[in-house]
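Dropping the structures in below, format is C-alpha cells.
Both complexes below contain chain A, partnered by chain B and then by chain C.
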Partner chain A sequence: MSASGVAAKEVSRVLGRGSTPRLLRALLPALSLALVLLAISYLNPRAISYFGFTLMLNLAVPIALATIAQMFVIAGNDLDLSIGAFVGFVGCVTATWLRETPLLGTLVLLGCIATYAGLGALIYLRNLPSIVVTLGMSFVWQGLAILLLPKPGGKAPGWLLATMSFKPPLIPFPILAAAVIAALAYVGLMRTSYGAILRGSGGNAVAIGRAGWSLLKAKMVLFACTGVFGVLSGLALIGITTSADANIGNGYTLLSIAGVILGGGEFVGGRVSPIGAVIGALTLALAASPLLTFMHIPPDWQVAANGATLIVVLAARVLISRKEAER
Partner chain B sequence: MKGTLGRAFATPWIWSFVGALAVWLAAVFFTGGYGAGGMLTAALSLAVFTVVVGVGQMFVITLGPGNVDLSLPANIGLASAVAMTVMAGDDGRILLGLAAALACGLAIGAANYLLIWALRIPPIIATLSASFVIQSIDISYGRGLQIKPPPGFADFTNIQVLGIPILAVLTVLFTVGAGLALQRTIFGRSVLAIGQNMRAARLAGIRVNRVRFATYALSGTLGGIDGALLAGYFRGANVDIGNEYLLASIAVVVIGGTSVAGGKANVPGLWGAALFLVLLLTMLNTFGVSAGVRLVLTGLIIVAVITAAGGAEAAR
Partner chain C sequence: MTVTSPKLVKLDGIEKHFGAVRALGGVDLAVGQGECLGLVGHNGAGKSTLMHVLAGTASADRGSLTILGEAPAGYSPGIAKKLGVRCVFQELSLCPNLTVAENTRVFHPSLTGFNWRAKAGRLILEKLDAIFPGHGISASDLVQDLAIGRRQMVEVARAFTATDEPVRLIILDEPTSSLDAHTARQLLGFMRRAVADGISFIFISHLLGEVLEHCDRIVVMRDGRTVADADATTFDRDRLVAAMGDVEVHARETRANKGRARGQSPLRVRARPRRQSGIGELVAHEGEIIGLAGLAGHGQTELLLAIFSAAMRADARAEVTASVALVAGDRQADGVFPLWSIAENIGVRSLPSLRQGLLISPRREDALANLWRDKIRIRTPDVHHNILSLSGGNQQKALFARALGSDARIVLMDDPMRGVDVGTKLEVYDLIREEADAGRTFLWYTTETDELKQCDHVYVFRNGAIVADLTSDEVTEQKVIQSSFAEAS
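Coming up: the complex of A and B.
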C-alpha cells in the first residue's frame, strides 16, 4: 500500500501548492456559474428563489449524473460517445421492467453495469479506440431501447417519483442532489488511494503498471463507475419526466462531455475535477434554457448557447494558463 | 516491389472488401439471387457519401491522437441547406450552389482550426463546440426549408451507366487523387509525418500549423460538398441529413485500416469499409428485421470488426 500512499501524498502536495493563476483556474467553473446566475437574477429576480431553482435546475440532476459518468471515462483517457443512448435505454428499462417486475429490472440494470466493465476490459485488452467502440455501442443501446419501448410511454415506479419530487426544507432539491453527487464523486476519485491509482492510469499508465497495479482492473473500475452513474442518470431522468422514450437521452452525450471540460477536466493525463464537472453541468443546464428564455432568444439557439458557453470558458482558461506560463 | 501483393494481403483493409463481399453474398443467398446487381448499384450510390466524408476524416485522424472532426454531421446539414437555397431549384445555378456549399464547408473547417489553434483545446472539443453552434444556425436557417434540388442536379446524382452510378465513378477518381495526394505530395507526406511525431515534424521544418489548418479545411470542404450531393440524391435538404455520418465517417476510416494513433492512412480501405457498412444494412433489410434489431446488430458488428482489426495494433 506504500505506492498508493506516496501517490496520495503527491496529489495533496500538488493541490496544496496555490499560485494565483492556478487558483483562478480552479475557480473558473464556479465563476462561470456565478456569472450565469447573476445574469438570470438581473433579467428575472423572481427566478432566484426556492421554487425558481427547483424549476430551473430540475433537469440538471440527470445531466450532472451523466457528466460524472463521462468524467470517469475521461479520467482514463477515453471518451464515451454512447452515454446518451445508454441513459435512454436505462430510462426505458426503468419505465417498464423496473416498475412491473422489479427483480428483472434490477438484474438488467446490474447487467448494464457489468457490460460497461466488460467494455473497459475489451478496450484495454485489445487496445481499441474507445470513440469507435462506444459509438458502436450507442447503436446497440438505442436499438435495445427501441425494441423495449417502440413508442414513447411507460411509467416511472412510485418510489422513484417520490424521490425526485422530494422537497427538502430551505435548500431546493436539485441543489442538494448536485452537492451530494459532487461530494460522492470527489471523495471517491480524489480522496481515496485507489482513486489516485485510477487517475494515475490516465495520467501515466506505464508508471502505474510498473508500480504493480493492474491497469486492466483500473480500466474496468472506471468503466463500471461510468455504468453506475449512467444508470443513476437514467433513473433520475425518468423520475422527473415520469415516462420514457427511446430517444430521451440522446442529447446527453455531448452535454456530458461539455460539462466535464467546462468543469476543468482535460482530455489527457487523468486531469478531471468531480466538483467542477457538476458545476459545469449546472452551468450548461442554466445557460441553455432558462437564461435564453429570460433573454427572449428562441429555443433554436439553445444548442448554440452550449457551444458558445464552452468556447467562452475555454478562452478564459487559455488566458489564465498563459499567465500561469509567464510566471 | 515483389512483395507488394503479399503485403497487400497482409494489410487489414483487404478484409473490409472481404467483409463487404460476405454480407453481399449472404443477402443474395437469402433472396435466392434476386436483385443481386441492384443491391450493388444501390450500395455504390450510398457508399459514395460515406467515402467523401471518410477521406476528410481520414486526413484529420492521420494527424495523430485526439484529432477527429466531430462537426461533420452539422456541417453536412448546413451545407445541404445552403446548396439548396442558392440553387433555388434552377438548373442554371447548380455550379453556384456547389460553390456555396464548398465555401460553407471550407469556412466551417477554417473555424474549427481557428478554435483549436487560438484556444489550444483538443480538436474533439473544438469541433464539438463548433458543431453545437453550426447545428443551431442550421436549425434556425433551414427550418421548414422545402426547396427541391434543380432537376438537372438531382438527375446527375442519380445517373447510372450499366448499373454503375456516375457519382461512384467520379468518387473513385477522387479517391485515387486523394491517395496520390497522401503518398506523393508534400502536403500528404507532411500530414503523415505530423501524425507519426508532431515534434519531429516541426523540427524537420514542416509548418505544422499550416498543414493542420489545411487538413481541417479539407475535411470541412468535403463535408460541404457531401451535404450538397446528399441533398441532390435525396431530393431536398434536411437538418438531420448528416447525422449518420458521424459514426460512418469514423468507422470507415478505422475499419479501412487507418491507424487511430495517426501517421498511417489507407485510402482503398475506405471503399471496402463503406461498401461493407452499406451492404450490411442492405443485408439486414432483406432479412426483414425490425429497426431495433438492425441497430443492435449494426452496433455489435462494428464493435466486433474493430475488435478483430485492432488486434495488429495491440500486438505491437
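Coming up: the complex of A and C.
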C-alpha cells in the first residue's frame, strides 16, 4: 500500500468511513420526500417548477422552524406540547407590538426565549415531566395570545413581509430557507463540540454529569434553542400570512413532533437529525394540502386524509428501518 | 505490610448508608504511587460504593479522603478528574447515541475548536491501538452499533486518554467482565506496563486468578468493611475465597455428567448460524448443558436470539421443541425493568402461573420472589424494593431467578455471569447442574473457560459460524483460543 493510501486509511478511521447502515438510516427521510414529490409530479407535472414549489412549500418554512425547535427538546428526552400555542403567541406579538413599538416587541420576544430557558431549568431542578409543564404552558401562551389579539387581525412589519416574499434566482425561496435552517441546526447540534454534550445529555445523562458537565446548563441551552426557533417560526408564519390569529399555530405541536420522528429522530436517547427533521417537515407540508388537493380529495376530508398519510409515511419508516436492522 | 511508595490516595473511616442499609461501615484504604491494588469481595460487599465515593459520584456520610496529601473541598467528579482520578464504572458510562470520538470529547472539556472531532478521534484510537491492537473500532462508529465487548474497550481506553489533566489513578471496576480472554489479557498486560510508568490502579474483579496474577497488593471487603489487606504474593485462591467469607472452594472440576451418552434423551434444539457454510449445527438434547464459546461478538448472542425467536414462530434455521427463557447478559439494555420492583422483575416470565382470575396475584408473585431470593441469596431486605437498589451482581441474580423460576424447559444464557462473585457462581453452577439433571436444557454463551468446563458439550464460534465442536473432556482454554483464531492468524 502506498504512503498516501495508508494516510487516507488513517483519515477515514479517524473521521469516518461510509458505514452503510448509518447512511441508509440517514437517507430514509429523503426517500419519503422523494416519494411524495414523485406522486405530485405524476398527478400534476406543472407543479414541479420554480413557481409551483414557491407556492406549495410556502408554509413549509415556519413548519420547518417549529420542527427544529421541537427537535432540540427531543434531543434532551423531553417533549414540547406548547410549541404550537407559542408560535401563535409570537405571531400575535409580531403582528401588533413588533410593528407598532419595535423595542417592546423585541423585548417581549427575548423574554419568551428566557422563559423557555427558565422552563428547562424548572424541569431539570424539580425533575418534572416536560409533557406536564409544557402542556400547562400551552394554555398560558394561548391565553396571552387571546388577550393580545382577541380577534384575528394585526399586520406584519414591512421588513418581515419583504423577507418572506424574497425571490432568489433559480432556487425557490422555501427550499433555500429550508437548506439554511437545516445547515444552521446541523452545525450547531451535530458539529460543534458543545453540541455533542447536548446530545449526550439525552443519550446518557449520568455519564455527562460524571464527566463534570452541568446538566442544568445543557437542559437550559436546549430549551433556549427551542425558544429561539419557536420565535423564528412565529415570525416566518406572520411574514407569510401577513396578519395574525391567536389560534394560528395550533396544528404545529403535532406537526413538529411528527416532523422530527419522520426525519429519523427518536423520542428517547438523544437520537435526532436536524437535516432529517427539516426534510420531514417539508414532506409533511407537501403531503398535507398540495398532494391531497391534486388527488381531488374534498377539503372536508383533507384533515383525515392528512392523518392517514402521516400514519402511512411513519409506518413505512419503521418498516424500512426494521428491515435494515435485520440484515 | 507497609508500602514504601508515597501515598497517592487515602480513605479513612468512610461510612455510607442507603436508607437503613449500611453499605460501608468505616473503610480505610490507601493506594501508593505506581501501585496496583486488587479489590475483591462478594456482590454487595461495598466495593462499587467505595469506588463511587473515591470518584466523587457519591459522597460519604462520614470519613475523610485525601489525594496527594490534601483533602479537596467540595469533592465532585469534576475535581476528581482534575486531580487525576479516573474511573471505569461497572455500568457503562458512554452515551450510546454519540460516536466514539464524541464520547472522548465528553470526557475532555479542553477538546474544542474547529478540529476537535479529528483530535478526539486520534486521541482515542491511539489508546485503543496501544491497549487492544487489532480492535477494529473506528472513531466515527456510533457506540450503540458496537457490541458490548467493544463498548467496554472504548470505555477502558477512554480512561487512559490524557489531555491537559494528569492521569494518576485509574479505577477499573470489573473491566474484563465483558471482554473475552484474548482482549482481557491485552488489557491486563497494558495495565502492568502503565503501572511501570507510575500510574496507580484499583482493580476490581471476580476472577480471582486475574487479581492474584496482576496486582501488587490485595484488599478483601466483606459487608462494608475491609477484612484483609496484604501483599498479593501472600494470598492464594483458597485464602482469598476464605477471606471473602465463602464456603470452601469445593471440587470445582467435578462434573455430574459422567458417562452420559449424547443423544439418548429427546432433541430440544437444532440450530444453524446464519453465516454457517458447509455442515455444522448446534444440537442440544434434554438435560444437556451446551456451551457457546469463542471471542466475544462472534455470533453467539445472535444464535441464541434466533433460537429464542424460533420458539415463538417457526424458523427455517432453528428447530425448538420446548418453551424457552433467556437470561440476558447486557442487563441494562435487555435485562431489568428499571422501574419495577425485584419481585415484579422475577415474576414477569411466569405471569400465567401467577394469575388469579384476570389479575396477577401479589401473594403468588411474592412467594415466587421470596423463594428465589433465599435460594440464590439475592441481597435485599425486601423483594418489593426497586430492582436498581441491588448491586450489579445481585441484579444479575434476579435475572437468573426470572428464568429458572419459570416453566421454560430450555434456558438460553447470554454470558450471564458478568459481575457475579465467585461464591454465587459456584452456587449457580450447582443449581444449573441440578436443573439439568431434572431435565432442563441450558445453552450457555460464556467468555470464561471455567464456565465452559461446566458444560457437557462446547461449540466454538468464529465470524458468526461454528468452527469447533468439543466434548467436555476436550475443553481447555488453549483449545478454545486456538479454534477461535485458527484461520485468522
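Just so we're on the same page, the second predicted complex is superposed on the first by the 280 of 327 C-alpha atoms of A that agree within 3 Å, B and C clash if a C-alpha of one lies under 4 Å from a C-alpha of the other, contacts with A are read in each partner's own complex, and residues count from 1 in each chain.
Everything that follows uses one rule, which is that a contact is a pair of C-beta atoms (placed from the backbone, for glycine too) under 8 Å apart; a residue touches a chain by one contact, two chains touch by 3 or more.
Just so it is clear, the model here is predicted, and its values are computed rather than measured.
Of the two partner chains placed around the shared chain by superposition, neither chain B nor chain C is touched by A:283.
Once chain A of one complex is fitted onto chain A of the other, the partner contacts of A:133 are limited to chain B, with no touch recorded for chain C.
In the superposed model, A:125 lies in contact with chain B only, and not with chain C. When the two complexes are overlaid, the chain among chain B and chain C that reaches more residues of chain A is B.
Look at A:142: by the touch rule set out above, it reaches chain B but stays clear of chain C. In the superposed pair of complexes, A:308 makes contact with chain B only, with no contact to chain C.
Comparing which residues of chain A touch chain B with which touch chain C, the overlap is empty.
If you check the complex, the residues on chain A that touch chain B are 79, 122, 125-129, 131-133, 135-147, 150, 254, 257-258, 261, 267-268, 298, 300-308, 310-311, 314-315, 317-318, 321. Chain contact summary for the complex, chain A toward chain C: residues 12-17, 19, 21-22, 191, 193, 196-197, 199-200, 202-204, 206-213, 269-271.
Interface residues of chain B facing chain A in the complex, by the touch rule stated above, are 66, 68, 115, 118-122, 124-125, 128-133, 135-137, 139-140, 143, 246-247, 250-251, 254, 260, 290-300, 302-303, 306-307, 310-311, 313-314. On the side of chain C, the complex with chain A involves touching residues 55, 57, 76-78, 81, 89, 93-98, 101-103, 105-107, 109, 111-113, 116-118, 121-122, 125, 138-142, 145.
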